[in-house]
Every structure is written in structure tokens, then in C-alpha cells.
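Two complexes, one shared chain (chain A), two partners (chain B, chain C).
So, the complex of A and B:
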């Protein structure tokens, strides 16, 4: 495992994604709210490009005190990304499938050194 | 005139001739050796035939030697690659340089070739379009949040029907004007949680308000591809 230079942080805007190849691995690198995340771009369902679909806030149901539903809302803090093939939805911060946390994309560490972004792969 | 020229030409020819002569000699020697070996082998074989059945060992050895050869397809692929031309700095270029025995060249080629990039950027997916805030937008957002709060708390009377109608009409006109001007965007943003039922209720009411049937909407959509 070695640190591989991806790009300058100043050229990587918030909300942007880069799909990179390191050797045999295809990796999606995200910048979300200033943080970097990197996951394998192979969907755990059928190998689709997991990191290239929509990024969408997590849908949550808000309940009143008596547990009656107030309806469905988009989360203000949790963001997911969706595989464009059949809609597997993964947590931006962990790479876990939102409906089954045991299903998890391979996560790569991202290191920033000054203005440089590296993926450990 | 000719003698110095010839004299100059001769030494040039002789080194070429010499190896040929040597080669011919070597070939003759080899042929003699082969003949001798063949005779010896025949004699041995005859002796062996008398003593024991013939063994297939020499055939086996020949097959082993064949296995080391690249297949005809590999050879064809190699020739095809050669005819295409070999890009400098590639593995093929290094292999050819090595095979042709030009070690210095191979080393030079390896040194001249740029280090293969370890990280290859396949795609850059830009961030979703940034929202530009104007004072009116901020005001509208604040008012929308207040309306949502009213619905959440069950307060359905504060905003009277005529006010709602004015809001719906104004937004309907604004959205249609933008669409006709080529500014296409979804009617509902990503973070607005409107249920399908809410949408059907309002769409039905809007159609009814302008005396339209659903099939007319369908026809208009198929004609205008909107």
C-alpha cells in the first residue's frame, strides 16, 4: 500500500468526484463538505459503476412525539451516493449500503498533505 | 589507378570471405560429424534391436523441445505488432531491444521512457450546479419554511385560500416562463419531501382549474415533447 497522488486539493471542488484507476482498481474519490472519501467503483450488486450515480441526501421519516409520521424528509446532514445501474445506495461517509450495513464498498484512505490529495492503495 | 583501388578493396572483402570459408569448413566438419554420429547411432540401434525393443526416448526429447516454441498464433501476433510499429518506452520496445542484444539501447530506452503514471484519472464528475442566492430567493425560502411548519403543526388556516391561489398562480407562471425560455430544471428540488399523493392532488386541481382533462395533457405532452 502506497500513497498515490491524485490531484491538488485546490483543484478538487466541494461536491466534485473523480474516478481514478490505480493498477487494476477503479476508485471513486469524493469531496463532500470539505472531507475526502474514496471507495471502490465496483458496485456490490452486479459490479456497476457505484460511485458515478446521483448523490442524494438520505431520506428519513420524521415522527411526532406520539410516533405518528410527519412525512418523509431529506436529511440535512447525511449524504448518500447511488449506483446508476439498479440503485444500490451507499453512505458517503462509510461506503455502507444504507439498507444493509453489512454490505460495504471497499474503502480507501485519503491523505492530504498541504494542497495535495493522496489515495492509499 | 586500379591497383591501389583494388588493394584498398581487397582487405575489405577478405574479412567477409574468411567467415564464409570458415563457415563452409565448419559445415563440412559438422556434416562429417553428423554422418559419423548417424553411422554410430545406426550401429547402436542395430545392436539394441537385437538386445531389447526400441525405446521412444529420442522422440520424447524432440516433443519437449517443441513445447518451448511459441505457438503459431503468438508468432503471428508478434509479427503483427512489429508491422504496426512499436511505440518507444513500451514493454514491447524493451523486449525487442533486449532480444536483439542491444543492452545499451534497451537501458537507454528504459531510461528515456517516462514513468508510467500510477494514477489515471478516468472521469471528473462536477459538483451539482451551485445555488445562487438573491434576497428574493432567501425571502421565498424563508416563507416556504414557514408554510411547511404550518402544515407540520396542523395549522391550515393561517394562509387563506386566496393567498395560496395567488402563490400557486405566480409560481406556475414563473416556472412556465423559465421553461419556455429554455431554463429547464425539476419543479421540485432534491431536498423537498413532497409525496406522490401531494403531487397528484395538486396536479389534478390545477388541471381542473383550467378545465383540462388528463388525456389533453397527455396529447399536449406527446406533441410538444415537453
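So, the complex of A and C:
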């Protein structure tokens, strides 16, 4: 397994992303709430740059006890990243498509060594 | 560049460069050797409202031109074009919408031609049929005079300024002012022979449009005589009474595109237009494909019970529908067996034309056709470009493409 340097952790701000290449593979690395997540940058829909678009909190619809809708809300805890080509929306923590969990981007391990961030591929 | 995300949070994304955004599409094209495949995109778009400064002066009527141009002037208060409701950009998730104005082009050449070249080159597309975007709502304009003027002005601009700047890689099917049958006929007579005009297009988003009305027969005859294609380009219309119970854009969008083509295709078929104009190529655009098997089955079923209401028909409605053409996008690809059945039912090998709909949010790449596991090589080549080569007389761009067209039986000359 090869390790690819991403950047210094101190220079990788929360909410930002880096795109790196390891051979033919393109990998998006996110820093979210202090943690690092890395996924294939090829969208499972039509191959778009899945990690290069907007990050946005999951949209939820909240219901009352009687099943009436309270409307739409941004999630307090779940963050997604969105392929900019068509809007395929993936769970930041798992790489799963939020509408069909079977559709899942390849996930890569991220390790930190001191102040350095590496992706393992 | 920053985009607004949840709770006003700002997310930095790179400025738009179409070639860079579509770098993965370019890799697909290289991997599949699309260079040797003639690929024609029969439905692509630009944002003509960004060119109204050039388009509106082509309006013929002095008073309507002054009204339209004044409405766009600084502090103008008018709306020259009907606009629809909706969120095509998904709140900025499809980043090319909010970033569009940031893309840099070179001076001295039509910006839309340059942008078109970038995405065509990335996808491996050789030719694209250029359509407007906002003008797809022109059929909702309350003034048929203004509808004619806008269509006329756009036709002049696209044939005199945009297409000549495209290095012969863009063609068009000109939007007809369908509320004005006489005006539509005049459009065909005026623009039908111009370079880059492959046919004429009816914007299907119309509350009241009877394609079978006697007033249109001269128009259809004129198109048929010239060997031009008649296309119906669908769209959503959330403001329509039909869709006012829809509380989400997805509902109005998914139904609207299908609905307007279903509506007009039904009237076309039931009234025997295929018998009246058997040599007129008719193309149904941007409603996906799933509506076609539904309508075939529905009409065939009722036709067997009520043939007295369709006395012009000499075969089943589905047979007439198989004589017509369909654009592929947005191709419903969730159930591969259902899609394969659809391809069989519409004779996709000869009747289906690839469309990207780029740059709109639900565009399809050529690989969506190329990678289908159930297609023959002949079908792949025909759908991606061979059928369009025959319909629109677009020459292959290299010897490899020519040889493939010959190999798969669709070559009709340069």
C-alpha cells in the first residue's frame, strides 16, 4: 500500500478539500469537524469529479407526531458532498449516496504523521 | 470562488473552466476512442438571454422592438420573456450555474461558440444542435405578435452571428412562433434554406396548442417538402394548473417534460399526422424515454376499442410512434431491463438520437449510450451519430468516422 502526501495538517483548514492523484486514481480528501475523509473522485453516476463540488448539510423533512410536515431543515449533524455535474449527493462520513446506500464511493484511509496528512492507496 | 451553502456557510470552489470541469468526460472519450465515432448531440443549450443585446435589435416591428429593448435598459421594469419557476441549479449544488459568468473566454468570437467547443471537445461530440434556454417558455407569451418577433430575432441572430462563429460544428432547429401559424410558415420559408438549419422546433410548453389544427397543415407541408425535421422540445411548467399541487421542483420537472410530449404526441398520432405527412421526420426532445412505452401501450389499447375516433390510422398508434424519432436524454437508466425493453419498443437502432442537454443539470454523456450492455455496435454508432448524420446531413469529421458510418450502413455522403 502506497502512502501519498496530501499536505500539512496545519494548512488544511476544516471545511476544505484537496484533490490528489495516485497513479490513475484521483482522490478527494476532506477535512470535516477535525477528521479527514478520502474518496474516489469519480462519481458513480457518470464519472464526474464527485469531490470537487459543494459541501452542504443534509436536508431533512421533520414530521410531527400526527405525521404532518414541519417542512425542510438542514441537518444539525450530517454533512454531504455533492458531485458538481449532476448533484449526486454523498455522505461525508461514509461515501454512500444519500438516496441509495448501496451506491458507495471507494473510501481511502487517511493517516497523519506529525503535521503531515497522507492518503493510503 | 465562494458559493453559499447551508446556513449561509461559504464553500470555496474553483472558478469555472468547462474543459477542466469536464476533464473526466475527456478521459472517457479517449478511453472509448470516440475520435473515430461520429457523435452528434441533437439537443444542447446556451443562455440566449445573455445575448439579448445582440438579439433584440433583429426584431422587425419598431414598436415591439422598442418595448423589448426598453425593458432591458438600466432601470427597465419589463420582462420580455416568460420565465418559469424552479431551481435548476439545486441550490448551487450544480456549480456551473452560479459560476457560469466567471468563465473566461477570448474576445473577438461569440462566447457561446467558444463555450460550446469546450464541452464538445471534452465529451467527444462532433456536432451539437444549439437550442436556447429561456425561449423554451416563449409559448407562454400572451402576445402572439411578440412570440413571433422574439423567434424571428433569435433566428436571425443564431443563423447570422452564432452558427457562423462555430467552425461549422453547431447547427440548429429554429424555434417556431407556433401561436402564429402564418408566421411559422414565413419562418420556414425564410430560414429553412440557411446554413446550419436542420429543422424547426416547437416549444412544447404551451397551455393551448392543438398540433392537429388545420392552420398548421401548410407549415408541415413546407417542412416535409424541404426535407427538414420538425422537433418538439419539451420542458417543465410549474405554473401550469396541472402542476400546482406539486410542492417540489422534482415533481413538476419529472412530470412536466413527459407530460407536454405525451400530450402533443397523442394529438399528433391520433389525428393521423403520420399518414398526412409520411416523409416528415418528427423528433421528440428532452422527455427521457420512459414515457414512450407507456403511451404506446395506452394508445394501442384504446385504439382497439375506439377506432372510429381515429379513422385516418392504418396501423396501430405505436407503429406511427416507431416511425418517429426520439432524443435520448435524460435517459432513465435505473432499471436496465426496462430500458432494454424501451429500446426494443422504439426501434432505438434507427429512431433514437443521442442528446446531452449540456449544460443543463441532468445532462448525459455519450458514454451513457456507448456503455449500454445490450446494444449492438451498429446501434451504438447509429444512436450516437449515424441517424443524425442521415437526418441532418452532417459530414463525418475524419476518415475513421466515415469508415464506421459505412461499416454500419448509415453513410449518406459528405
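Here is the rule we go by: the second predicted complex is superposed on the first by the 121 of 121 C-alpha atoms of A that agree within 3 Å, B and C clash if a C-alpha of one lies under 4 Å from a C-alpha of the other, contacts with A are read in each partner's own complex, and residues count from 1 in each chain.
Operating definition for what follows: a residue touches a chain if its C-beta (ideal position, glycine included) is under 8 Å from a C-beta of that chain, and two chains touch if they have at least 3 such contacts.
Being a predicted model, the structure only gives us computed values, none of them experimental.
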Larger contact residue set on chain A - chain B or chain C: B
Which superposed partner A:16 touches (first chain B, second chain C, both, neither): both
Which of chain B and chain C A:117 touches, first, second, both or neither: neither
First, second, both or neither for A:89, with chain B first and chain C second: second
Partner chain in contact with A:74 - chain B first, chain C second, else both or neither: both
Partner chain in contact with A:105 - chain B first, chain C second, else both or neither: neither
Partner chain(s) touched by A:42 [first = chain B, second = chain C, both, neither]: second
Which superposed partner A:52 touches (first chain B, second chain C, both, neither): both
Overlapping contact positions on chain A, where the chain C interface meets the chain B interface: 15-16, 52, 55-57, 74
In the complex, chain B residues that touch chain A: 118-128, 152, 190-193, 195
In the complex, chain A residues that touch chain B: 4-7, 13-23, 26, 52, 55-57, 59, 70-74, 119
Touching residues (chain side chain C, partner chain A) in the complex: 3, 5-7, 9, 11-14, 21, 23-25, 27-28, 90-96, 361-365, 367-368
Chain A residues within the chain C interface of the complex: 15-16, 42, 46-49, 52-57, 74, 82, 84-87, 89
